[in-house]
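Letters are used for the chains, namely A, B, C and D, taken in the order the chains are written, and counting of residues starts over at 1 for each.
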Amino acid sequence: MSVRLVYFAWVRERIGKGSEEIDLPPEVKTVGELIAHLATLGEEYEAALQVPGVIRAALDEEHADHDEPIGGAREIALFPPMTGG
Amino acid sequence: MSVRLVYFAWVRERIGKGSEEIDLPPEVKTVGELIAHLATLGEEYEAALQVPGVIRAALDEEHADHDEPIGGAREIALFPPMTGG
Amino acid sequence: MTVAARMPDEAAHRVDVRIQAHDFDSAAEIAALTAGRADIGAVVTFTGLCRDEGGRLAALELEHYPGMAERAIRAIATEAVARFSLQGILAIHRHGKIAPGGNIVLVVAAAPHRQAAFDGAAFLMDYLKTDAPFWKKEHLKDGGTGEWVSAKDADDAAKARWTSAQ
Amino acid sequence: MTVAARMPDEAAHRVDVRIQAHDFDSAAEIAALTAGRADIGAVVTFTGLCRDEGGRLAALELEHYPGMAERAIRAIATEAVARFSLQGILAIHRHGKIAPGGNIVLVVAAAPHRQAAFDGAAFLMDYLKTDAPFWKKEHLKDGGTGEWVSAKDADDAAKARWTSAQ
């Protein structure tokens, strides 16, 4: 399954791009498993995702915990804790 | 001792004037005693001050409880609970 | 200490209190409180307006005790600045006849962070409601003069939370 | 129910959310929220401004997740209206580069009485701080690019009070 990944703030800076399409390996079922999978894709991903606990995620623009199933989400966002307001 | 009394809102309306100068009888030492004294001065004062507990007072523009001594205050204000804001 | 040396400190904790019959311009007041400063992070404003009470009211008439009104609000505002480390506070309270939809009171509190600004404005309003010498009388749409507005127990309770929380 | 019959009710509980690069005009927004109404008694505004952090900052740059930013703030604003029976709520959040003293965020909450308006604005700000997808990066006066601003535990605590108080 192909999904669109979008990155923000220092996650984006460290990975070196704002978005990409990837094919999800069949064993990646949850947000946490996706983060663990991405961290194996190279140094830049490792640098961005080295502390998985601080990474926040959204599935199709809705906040999602790490144990949440990705299901049929088309766009998955990964980013640091938010600092708006 | 002569003091200036000022009245506001329904206290003013019931007494029928906004201010007056009166001579304080020597036995009137506190705000509460002043209110009791005024209530004897006629029907309009009685109507204004019939429930002394709701009457608020200020001595020279500072809030004062009923047991507070009038001391050398030059202006004594009597009024209902405030409803600003 | 010279006047020039005192200026920045006074400007940094500005207390501005005005009692007036004419209307106010919230935006101009916010701008004046924050103009030329880059240390303010949060501004909270409270505007109190005249309600028509379901179409019943033609106006509210606000009576006040002129000297004491400014003195009482200034005392509350000064305490708010000290208690919440505000960078500035403004209170404007109108008197006279005010039609539904019209402005009655404006409070503006400025602080480095949002909690202090929220608390400063709420504190000033809670004390102002019970301690500032203003009284509201209703003028009815049917032409009659209505009642003096009664003080609310809820306002005393709102004020009390600032002492119990200490 | 006809559209005409639905209009007053919708107008009575207005939720307006905007994500934009350009500045906002607080006074015009307050006026728009209260225009033509005589049932609003209290309006609370919160304005968040860019601080220079003791002269260190040249600007903050706000990055955001466009679609989700509006969706997240709209969800919080809609909950605030329901929870505090607000008559209207507005949130404007800017993105892009903002200089010290400049506006970042505006919240306006309208209600019949002051406590609901204060609570509505504070609730929206507390949730917005932790749930709206915005990130601040510092640009330094010395020309360098500074750090991404870290999330604060205090902001999580501020949000938590709205669930523990239930």
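As a working rule, a contact is a pair of C-beta atoms (placed from the backbone, for glycine too) under 8 Å apart; a residue touches a chain by one contact, two chains touch by 3 or more.
Treat the numbers as computed from the prediction; the structure is a model and nothing was measured.
Each step here moves to a touching chain, and the least such steps from chain A to chain C number 2. Farthest chain from chain C (centres taken as the mean of C-alpha atoms): A. With centres defined as mean CA coordinates, chain D is found 27 Å away from chain A. Note on chain placement: the centre of chain B and the centre of chain D lie 48 Å apart, centres being C-alpha means. Averaging C-alpha coordinates per chain places the centre of chain A 72 Å away from that of chain B. Counting partners per residue, chain A has 85 as the residues that reach two or more other chains.
Of all residues in chain C, those touching 2 or more other chains are 48, 114, 125, listed in ascending order.
Pairwise chain contacts in this structure: A-D, B-C, C-D. Those residues of chain C that touch chain D in the shared complex are 25-28, 30, 34, 36-52, 54-55, 100-101, 112, 114-115, 117-118, 121-122, 125, 158. The residues of chain A lying in touch with chain D in their complex are 6, 8-10, 12, 58, 61-63, 77, 79-85. Across the complex, chain B is touched by residues 48, 62-65, 67-69, 71-72, 93, 104-105, 125, 128-137, 148-151 of chain C.
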